[in-house]
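Dropping the structures in below, format is structure tokens.
Shared between the two complexes below is chain A, which has chain B as its partner in the first and chain C in the second.
== the complex of A and B ==
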């Protein structure tokens, strides 16, 4: 009798454990979609202000160890204010350096609705006129850098299908020629072991995002985006971009991120285009949040008169 | 020679094995030989033009894009179907390997100034439905900026170009792969409404390789077959034909295999190596085999026959081999890479042919040809046939001996006329003319040159101080240079510089008012325009025209002429202008395809003169030493000098320029011409003791040695004339010129040597005392 009871209990325990483990991966577990959404919706303050140093570099990698030699560089210093209006953003930027473009300003209204083109105005101090710039191109470069508008403002969650990648999946990536070629350039001939480590999850969650239709592919210019995300602070540590031709060509890496006023912020990141042998380093200095930036900052008047 | 033959006889089996092993090794290397016809590679890295060109290529990208042109069969390109095709091709091209950037009407950023600002959009949106309004807008957009004319659309609006750029330092294999991919894309589905053309320098270079490949497979074996037939008809002996051919094949495998082993790339001249070896390399084994067969007929053993052969022709064969090697070896002084490599590897091949003729061939004869096969033909018939040629040569020689002064006078007149004509010789390279008139690539290139901006670029690199390119004064000078060139040289139809973009911005930012189509006078405004432009595009948008520090500017001119001589005028005009207008603070360098082909032409001309003179001096010294007589040296180089002169005289008359391929004819003339003279003079020298009068001696020499020379020249000439059927123009030109040279050097030896020797009797030819 006792034995029978024990067996029954044992079976019940086993069943519960099994049931629990199933539900853990099936029902209760966070999907890649939810996780990626969390990253996109991460709170970044009502408004912010930062000084941006942007370095545009033509580079070559040493064939041996991938070490970078900068062949030519352009540096721009910009002051930026951003304010959230629901899901839309308003941004105003002024160039501080180089000296001959000081005072040149951009005002952008970035709309969440992908059907709606962003509005952009420009002020050239030498011309003393405000001009509206209309451009439908979102895959285009952000301020002439290697970042595109999409890269800077992150993707829209429903435009992509998302999936977690395991270490095994990442190992499989190594078989792709374009990935091999990028890693070979990045780490050089002697850096294969480093490259292999680079292509692991490394304790992060790795999400693969693939555009839902051809239009998104065309608009944003990516056939696949793989993002390495720190699960604790939801900072995207690195991103591998695949072009329309399905080949990997760009890598974004977070060099430095810190917690400012309780908000995790990028303070330095870079984007390298391996096809163009070009790299952009962006540094955000003195980032401040929730300053109560006035709405009047984001008007054509401010653009003309300066901050 | 007797000792040497003893060694050969002893080592015969070993020599056969050794030859086979070595040849197999190099045959294995053959697939490693890659074809590369990039003109840039023809010029040494130390050439200043090349240095500038490489610098531009690395920092500004290649100006050598490919062009895919879509030409409407009827009317203009402003049709829904054609615009859709442009968009479709653009999308397909974008995903090909080795593509850096595709620029077409469906993706080029068009800046339009509007009342309150500006709009940046493609000329048409491929996703939008194309209606009449869109078609009209496309036309308006194209008319709005001169830049598009000739770049993306032609004057008649019936054709548009898709510009295909590849990575800055793409190699020939990547270009070839891209060319093949694009060709496939073009042919995949029929598009009856338009013609598609693919051209541009990279395509020309790739197609040149394709043509060479085809010719290597068809024409070259054909030459061999023709020569075999001619040799067989001449000698009526199986081994007398097969063994020399075997010798040539071994020589070719070894020299080209060595190229592969050394990892060298083969240019269009590489294909000529086997053909040249056929011309120069066959003689050695022909002489050896013929003599061996003659010796066997006297009833001696094979061993004795080999010995006899060595004693009688050994020296002549080695001498002619060494002088030929000198002739081609002299090309190694040429600064032009393909010509130098050609010279070296033909010299190597000749050396191999010589060694094979003296070792492998006698060894084979020793084992496999133990008795001369009785001739199947009626012997008297052969005799009759032979005597026809002999009697012709006999009669010619008799006439020459009787009228030797007239002959020499005629020779002098010929030399003078040739010198006069050869001053008109021009050197230029036109790669497009190297293709047959009906070839796709030539049609496409000519068409693009006639309808678009042309495919030959001239690049000016202007270097000043940091930021000097942003100065209004400098930009105005750049603009001035562009206007000057376009006005003075109408075949330069296009120029692009950073000044064009500044002007474009100035117009766009002033509500498209054409009055602002000029360089603004404020430094800051220029800087801000440049910033604006660069922030609205990719970081490398301006890469082709200005560097990151605004220290250098590149001004690009496109010429519709592919000949280097015409573009030279432009280069000189540019130099004059820049010397006058850009002060000492600026360095001006000129580069681009046009300058590279010019530099090449100059180098070829220079290399030609030095290498021919060098080889003549070497041959002259060698022969002077052998005959112990300066006159002997002069006499030896005389027929070939005549042949070279006639060659250079005929070229301008036939409208053939001195280019990479025709520049080797001179060396072929030295290599082959000297052989005829050596055989003739040596034979006269050996037989002089049997004759009492000069006439008698040379009548005999002309009928014996002369017959050999005649057959050799006949076989090679016929072989080379076969090249006239080649689809590849350089090879056809070469065939005609080498054929001519063989005839003139043979005649030079047969006619002028006896005529001169009748007047001047050298000590090294001693007649029998009467």
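== the complex of A and C ==
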């Protein structure tokens, strides 16, 4: 009897422990939504100033090993100021080079509320006119680059459903023709093993984001976004983008990130559009945070007068 | 042959600033871009993959299956690729040979060549071969001051090549070469205001290609629409005070000189004089067209005031101005000379836009009080003299434009504006239409990451049933040189339409422009 009692007690204790442990993991486990939100809400200073060098390159890959040859390159230099207003941001940027767009100014009020369209104005010095520009189509190219407006300002958390991907899920991705096609271009015929490694989690958290409805798909232009994120600093190390036709076509990679004034910052990244055989490299030089940038920087006056 | 030689010399000349620009733009030309494609782990670090790894490999169908494009590179020139490294462009290599030059000025050098399209009344020939140099200087000094200068000089080789015999000396001087001071102003700025003094260009209004409230600066109409809107604006001397509060702006302007719209030089294909005189040919007098009568500004300078208020998803502005009309009315004198007079009128207007997803809807409206028009003098024919057959009378006018800007992806944007102008106290003796309907449509495409930009613009004047088509292709090279070509076509639907006299001016054109 005692033995039976002891066994029953043991089973009860085990069941209780198991029950509690499941509940605890359910309660304390971070969901992909929470994690992705943390990335979007990552502290980037009250304000910042950077000089941006944008290289727009027409490229071809070596079929053998994926090596890159730049066929043509254009360079744009931009100065940018950003200031946070709660969850909203105000950004002003000016083109310094090339000469034909020098003095062109771009002012944007980026709203966190996904129901609200961003306010955007463009100042063209040749026309001497400030023009409001539509922001409805976020899939459009950001200043002729391979980054779209969504890529530049990150996605809005509630516009997507998020889930973590495991190494097993990623292995499955390699069987998709479009993924295989771009990785074959990226790593070449001999680079299959490299491609397999590229598609592992590599110690990072991998989040798949899928638009919640067709409108978001249409507006943002992505049917699926897979992001590799370093859990310690919440920097997105690489992103694989799938177009409206559900095929992978674009890859973003962080080339360099560093801690500036205690804030993890991108200092160099590139976006390659395999469909267009084009890539954009963006370098952020001389980034500074918390400068006390005046509100008046983010007005039409600044757009017209310059900085 | 002379012309071709000139063009070749010019092309050679063009290539120099391009290389300077390249040299300036490639500060980091020697830096190689590091790829991070193999930083995600070592090849041995393959945990997580299934047991069937050995059976895996590229699926042959994967190559280019998505886009059906063939790589222009490949194994044949494999020696040019190094995994993980970029080879520089030709410009990068060239930059090592060219000394870096920092020019104190910015600007452009531009060669435009155009040829007539039609053969109805004249042989196909060159209409322009103009080389233009524009310089811009902008300097901030003493913390709060700024000096800005924009000037342009040009020389048109067409008069050496084809049309020299058609013009008198003074006209030729105006047409063949010249210069213009577009802007020269000094500004003083403080936290809440800016003061600008000097020759300036100020643009009001929302509409593209239409002038409803955009009346501050005169326009160069000597080439009708064969020049861009920005090229056609003429600077005037004024003082402008901008006061800022929040995101709003109050702008006060007082204009110290009168400059009329610049009309076509006598004898050119855009000259309005022969048609004007033809319309008065039934009168038993001989006329000649005189010059502009510049109004005496004296103690009543032109002025303007505008308040701009941007909001969330919309912008609104209100404006009022008292201006001398940059367009002219005819002022006959007893000696048979018809001069071009410019009378004063008041303008009250507003503009607004509203963002709705991919659309920016725009409206612009103005009320002109006391705008001068020519009227046939309704007196007995026996009493008509060269000095009184036309009179000048003031009328009130409503001018409205509405439209939208629409953006599709990054490839296509559409601008549409419809203008409606109505003279309120109209009578049949007025030498103008009671209503004017003008449509402006522009389609702009962008391909190859903004390097190739075709565009099509249509002006449709409903009164005269005139169409003006402008088709342009612009290609931006990586060295900052832009190559453009296009056609400007005047298409009147009837022989008595407004633009029928200018049908022969349709042309095909090409342009090389180097910004530096």
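Note that the second predicted complex is superposed on the first by the 280 of 307 C-alpha atoms of A that agree within 3 Å, B and C clash if a C-alpha of one lies under 4 Å from a C-alpha of the other, contacts with A are read in each partner's own complex, and residues count from 1 in each chain.
Convention: contacts are C-beta pairs under 8 Å (C-beta built on N, C-alpha and C of every residue); 3 or more make two chains touch, one makes a residue touch a chain.
Treat the numbers as computed from the prediction; the structure is a model and nothing was measured.
Once chain A is used to superpose the two complexes, chain B occupies space that clashes with chain C.
Touch criterion met: A:56 reaches chain B and chain C at once.
After overlaying the two complexes on the shared chain, residue contacts for A:194 are found with chain C alone; chain B is out of touch. Look at A:104: by the touch rule set out above, it reaches chain B but stays clear of chain C.
Residue contacts after overlaying the shared chain place A:82 against neither chain B nor chain C. Residue contacts after overlaying the shared chain place A:122 against chain B, while chain C stays out of touching range. Shared-chain residue A:250: touches no atom of chain B or chain C. Of the two partner chains placed by the overlay, chain B and chain C both lie in contact with A:276. After superposition on the shared chain, chain A has more residues touched by C, the comparison being chain B against chain C.
After overlaying the two complexes on the shared chain, residue contacts for A:95 are found with chain B alone; chain C is out of touch. In the three-chain superposition, chain B clashes with chain C only at 405-413, the remaining stretches of 333-341, 405-413, 423-431 or 495-503 being clear.
Common to the chain B and chain C contact sets on chain A are residues 56, 58, 71-74, 98, 100, 121, 126-127, 129, 131-137, 140-141, 143-146, 275-278. Within the complex formed with chain A, the chain B residues making contact are 59, 91, 94-97, 100, 109, 114, 116-121, 125, 127, 167-168, 467, 470, 509, 522-525, 527-529, 531-532, 534-541, 547-549. Those residues of chain A that touch chain B in the shared complex are 56, 58, 71-74, 95, 98, 100-101, 104, 106, 121-122, 124-127, 129-137, 140-141, 143-146, 215, 218, 244-246, 275-278, 280.
Those residues of chain C that touch chain A in the complex are listed here as 21, 24-26, 28, 33-38, 40-43, 45-50, 53, 56-59, 61-67, 69, 71-75, 78, 80-89, 91-92, 106, 108, 189, 191, 194, 201-203, 229-230, 233, 242, 244, 247, 249, 308, 310, 312-313, 315, 353, 355-360, 405-410, 446, 448-451, 476, 478, 480, 482, 513, 515-516.
Interface residues of chain A, counted against chain C in their complex, comprise 53, 55-75, 97-100, 102, 109, 116-117, 119, 121, 126-129, 131-137, 139-141, 143-146, 148, 166-168, 170-171, 174, 177-178, 180-182, 184, 186-189, 192-194, 196-198, 200-202, 221, 238, 247, 249, 253-255, 270, 274-278, 281, 296, 299-301, 305.
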